[in-house]
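Look for subunit A in each of the two complexes below; its partner is subunit B in the first and subunit C in the second.
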Partner chain A sequence: MSTAWQFYITTVLIYLGVDVMACWGLNLQYGYTGILNFAYIVFQSAGAYTYAVLTLGPAPRASFQQYIAGANLPFPLPILAAGAVGGVLSAIIGTVGLRRLRSDYQAMVLLVISLIATVVITNATGIFNGAAGLALIPKPLQSGLNLTLIGYQWFYVAFVALCCLIIYWFVRRITQAPFGRSLRAVRDHEQAAASLGKNVTGLRMISFVTGGVIAGISGALLVGFISAWSPGSWLYQETFVYFTALIVGGVANNAGAALGALLVPVAFLEATRFLPPVGGPGFIEALQWVTVGLLTLGFLWFRPRGVLPERTRVMALPEVAAMARPDATRLPVGGPQAADPTAAPVARNPTVEDPAATSGTEPAGGRP
Partner chain B sequence: MTALAGPSKAMLTVTNLRKHYGGVRAVDGISFTAGRGRVTGLIGPNGAGKSTALGMIAGSITPTSGQVQLDGIDIAGLPSYRVARRGVGRTFQLASEFPRLTVLENMLTAVQGSRGDTLRTALLGKRYWRSAEEANIRRAAELMDRFSMTPMANELANTLSGGQRRLLEIMRALMSAPRLLLLDEPMSGVNPSLSLCIQDYLLQLKAEGLSMLMVEHEMSVVERLCDQVIVMAQGRILVDGTMAEIRSDRRVLDAYLAG
Partner chain C sequence: MAELTALGFGILTASILALAAVGFTVQFSVTNILNLAYGDVMTASAFMAYVAAGWGFGGWWGLIAGGLFGAVFSVALNRAVYTPYIRRGASLFTMIIVTIAVSLIIQNMLQAIFGPGFFSLHVPAGASVHALGTVLTESQLIIVAIAVVAMLALHGLLRYTRLGKAMRATAADPELARNCGIRTGLVTDAAWLISGLFCGMAGFTLMVDFGSFQSTTGGAFLVPIVAAAVLGGVGHPYGAMLGALVVGVASQMSATLINPAYSDVTAFVILIVVLLVRPQGIISEVATSKAVTA
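Take a look at the complex of A and B:
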């Protein structure tokens, strides 16, 4: 394979890894907890800027770029710090935005925060060098490894893949456990969840902050690869690319989120690069946004649960006959359906053969 | 206020409870007691303030003033999750199932303080919480068996009929092992034959000693289930007594006709 192709493929793979990771973070917030975080890109950006300033070193006085908190921390501290900043920023914004507002108003507040953040960082040039942004951001371990350009590209692919595995392990543990079920209960009916003793605000905050940490890490990995970051990289529309990825791939399904990241930000937007130049300058780019919107609408209309829908958690039941209570009052044979002429057709009682399903394992081939 | 007869001690004591929305007095200083192991009915015409009162007891509505004592401890103004953790289960006027969770998952959600239900314990992995989960599944299976809902265990809640959703809500509330069960119109939208079945279940729970406070419009249901009936109108309590006492009270008839 030619060097050019290797460079292209590794670049696409790194973007895919970063997008998959970001989609898992957003999936935790939106898919599992129902938080419409329209400011998601801000947390990714906070991670990116954190990584940048903590690797660039203190800003020289007469430099083409000015920024705050410059330091030269060794690997992997800048990446961990990026996650921490994403989490802390989420905690601050979540404390204000998630406490007393209904979810639709929360979405509006978060969208406005996204808009304000871009304007502030663009105009306050002393923070992260304004609209010009930060450049020449060091790549992690590049000087120490002494690899060729392509060799480093493949190293970075492996590193991002490793980070993806760690994030996946983390997200899967959360979503498979009873804790993940509580998050989904909050998503489905806040009031009912609260009436069952669930601290709805607390659960939403945990999900929001965890998603923020993941977003921050994904931002650090992205900027560590592309070595530059400016407000143009994180306009509010970028959040909707991730939302579209989730809606297309399938919300509340980690495999769906990964598929969405592959289909929308990588495959779909990458494919448009190969279109012949038509229209004026920026026409193709504008068309990308239009098609992202159309994709969202189309899927919400025709396949709202995405390509890989949320799976039904089938669990094995213990032997019922052994537990039957002789004093129990029972409905007529056939269950409540028999007594309810308006009821839907009797549902199939799934036979479970997977013993692991007892603990909430998602079986393959969930019902759409 | 009718004094509770016999050895029954008050499970719930509501004192001078108010909820004002601006100038509107949705609940205007109601006081009553609900006995342990008894079913207390809360009835009245539309707009009487029954559901608001129930919401204040459950913690979903913050009272303007007043006290709600559960076993002598004031729970007024506590958020609903803390009220629930003190042993108050509830069902809602409108279906409140978790639609994208299965029936079994709906029930497991109600278990409080279970292993794996915090971020830390979730990260400890399946080995840590599997045995507790299996015990909870056994409990849920027993309840589903009792309510003849076992065939629906692994079906999504949004595929259930209206009556089944009512049953699920009751089963889910029972899964949290409540001391007091608040029922907001449990028979609404349920056909008569299933309503009778649900009434049988509730009578059985009563016989087992569960205290219940129920908002209900259907008088035959109230008559069959309730030991004590409280009639509300325009945010106040008109009458508090047995069904026989309620039936003979002229003010009740007037309130319903006026309402």
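Take a look at the complex of A and C:
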């Protein structure tokens, strides 16, 4: 394989890894908890800026770029800090945006936050160098490893893949656990979840912050690779690409999110890269965005659950599950309460009725 | 006297914002769809005015061209896109993704057609008018007058006509309105038509005021629109008027006295403060438990 091809393939793989990771974070928020986080890209860029300033070193007085909080931290710290900043920023924004507002107001507020963040960072040149953004950001471990250019590319692919595995394990732990069930309950029926004693706002907040941490880490990995970052790379539309990826791939399905990341931001945008240049400047790019919008509308119309739909979860009712328990058959037929006339309703409980009747009925989804 | 001059510009901005915010909120109160494509319909209307100027209908004709285009386009958008999705059972949640997808499509179609450059709409500026320490040109005063007339007309419509009554009834309870024999489908169309008319006029006046615009200008104006609408309580046209006045004046004051780049930031700060201090103003009786209305 020629060097150019290796370079191209590794680059695409790294983008894919970053996008998959970001989609998992958004999937946690949108797919599993039902938060329309239209500011998702802001958390990714917050992570990216954090990584950048923590590796660039203190800002020199006379330099082409100015930024705050410059430091020169060793390898894993800037990436972890990026995740932390993504999380803290999520906590702050969540406190304002995730109060008990209707979900569409939340979305509107988050969209406005995304718009305004771009305005602030673009105009406040002292914070992250304004519209020009930051450049010459060091790549993680590049100076220490002494690899060739291609060797480092492959190293970075492996590193991103490892991060993806860790994040996947983490997200899966959340979504498979009873906690994930609580999140889905909040998503599907807020009032019902609240009536069962679930702290709806708290659960939303946890999911929002966790997604923010993942977004921050993905931003750090992205900027560590491309070595430059500016407000133009995180306009609010970029969030929409991830939403489209989830809707195409399959909402609330981690495999679907990964598939969506492969199909929309990577395959679709890479494929159009090879189109011959037609029209004026920005013409193809504009049509790309139109297509992304149409893709969302089309999937919402024809296949709203995506290519890989959410797994249908069937659960037995508690008493049915108890009925299926092996020890249920060993309950005494009469029992000590049978003599007590006040315990008459107990007789209606199937678990104390004729054991022969219950042993034959094994409900679907019950315990073996 | 910089403050008084800023107040003059603030009233100008508030007028444009009132047109936009009232249009946004009238449609929302009746249909319960939070239309995030609103700003982009404004841009599209301004481009229509730009095209009309090329056909020889320049100057203030643009207001009519933009307003009519906004009205027709909004109704078409509702009939062709939003209503079908609602009929399919799309939730509020899905509808907001639909509206943002539409926003993206409109914005980038405009960019594909007109290119990424800047465009401008011209009206004869007229002489400067000094009054009470404020300095505005005649054209700017005409914009203020347009907004005032539009607000009064809307007030008359909502208050004194059968259609206005039907719209208020549909906003309060669409099912009950339908059962009372109100043709809510027509009322919804009327709401989109009026909203689109306001949207188009706001688009034209905004681009005249800004001097130059591009395909993303209207979308970015969503920040003060949302701030004004939320401040007034989403779904309340009179609240939106008041919200527009506060947000418009405050953002122009801060732009003149602090930094012109941050006029949107002021609007944003107002939005956040409202959300923190008076969230119950947002969860108003109109907007709590309704489903979307087609």
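Just so it is clear, the second predicted complex is superposed on the first by the 314 of 368 C-alpha atoms of A that agree within 3 Å, B and C clash if a C-alpha of one lies under 4 Å from a C-alpha of the other, contacts with A are read in each partner's own complex, and residues count from 1 in each chain.
Everything that follows uses one rule, which is that contacts are C-beta pairs under 8 Å (C-beta built on N, C-alpha and C of every residue); 3 or more make two chains touch, one makes a residue touch a chain.
Being a predicted model, the structure only gives us computed values, none of them experimental.
Once chain A of one complex is fitted onto chain A of the other, the partner contacts of A:L36 are limited to subunit C, with no touch recorded for subunit B. In the superposition on chain A, A:A4 makes contact with neither subunit B nor subunit C. When the two complexes are overlaid on their common chain A, residue A:R184 makes contact with subunit B while staying clear of subunit C.
Of the two partner chains, subunit B is the only one touched by A:A194; subunit C is not. Of the two partner chains placed by superposition, only subunit B is touched by A:I174; subunit C is not. Between subunit B and subunit C, more residues of subunit A are touched by B.
With both structures placed on the common chain, the touch criterion links A:G293 to subunit C but leaves subunit B unconnected. Judged by the touch definition given at the top, the superposed model places A:V278 against neither subunit B nor subunit C.
Residues common to the contacts of subunit A with subunit B and with subunit C across the two structures: none.
The residues of subunit A lying in touch with subunit B in their complex are 170, 173-174, 176-182, 184-185, 187-189, 191-200, 206, 210, 252, 310, 312-315, 317-318, 320, 323-325, 327-332, 335-337, 339-344, 346-350, 352, 358-360, 367. Of all the residues in subunit C, the ones that touch subunit A in their complex are 34, 36, 81, 84-85, 88, 90, 92-98, 100-102, 104-105, 107-109, 111-112, 115-116, 215, 219-220, 222-223, 226-227, 230, 234, 259, 261-262, 264-265, 268, 271-272, 275-276, 279, 282-283, 287-288. By the touch rule above, subunit A contacts subunit C in their complex via residues 34, 36, 38, 96-97, 99-105, 107-109, 111-113, 115-116, 119-120, 123, 237, 240, 243, 247, 279-283, 286-290, 292-294, 296-297, 300-301, 304. Chain contact summary for the complex, subunit B toward subunit A: residues 58-60, 79-81, 84-85, 89-90, 92, 96-102, 104-106, 108-112, 114-119, 121-123, 125-126, 129-130, 133-134, 137-138, 141-142, 144-156, 159-164, 167, 172-173, 176, 190-191, 193-194, 197, 200-201, 204.
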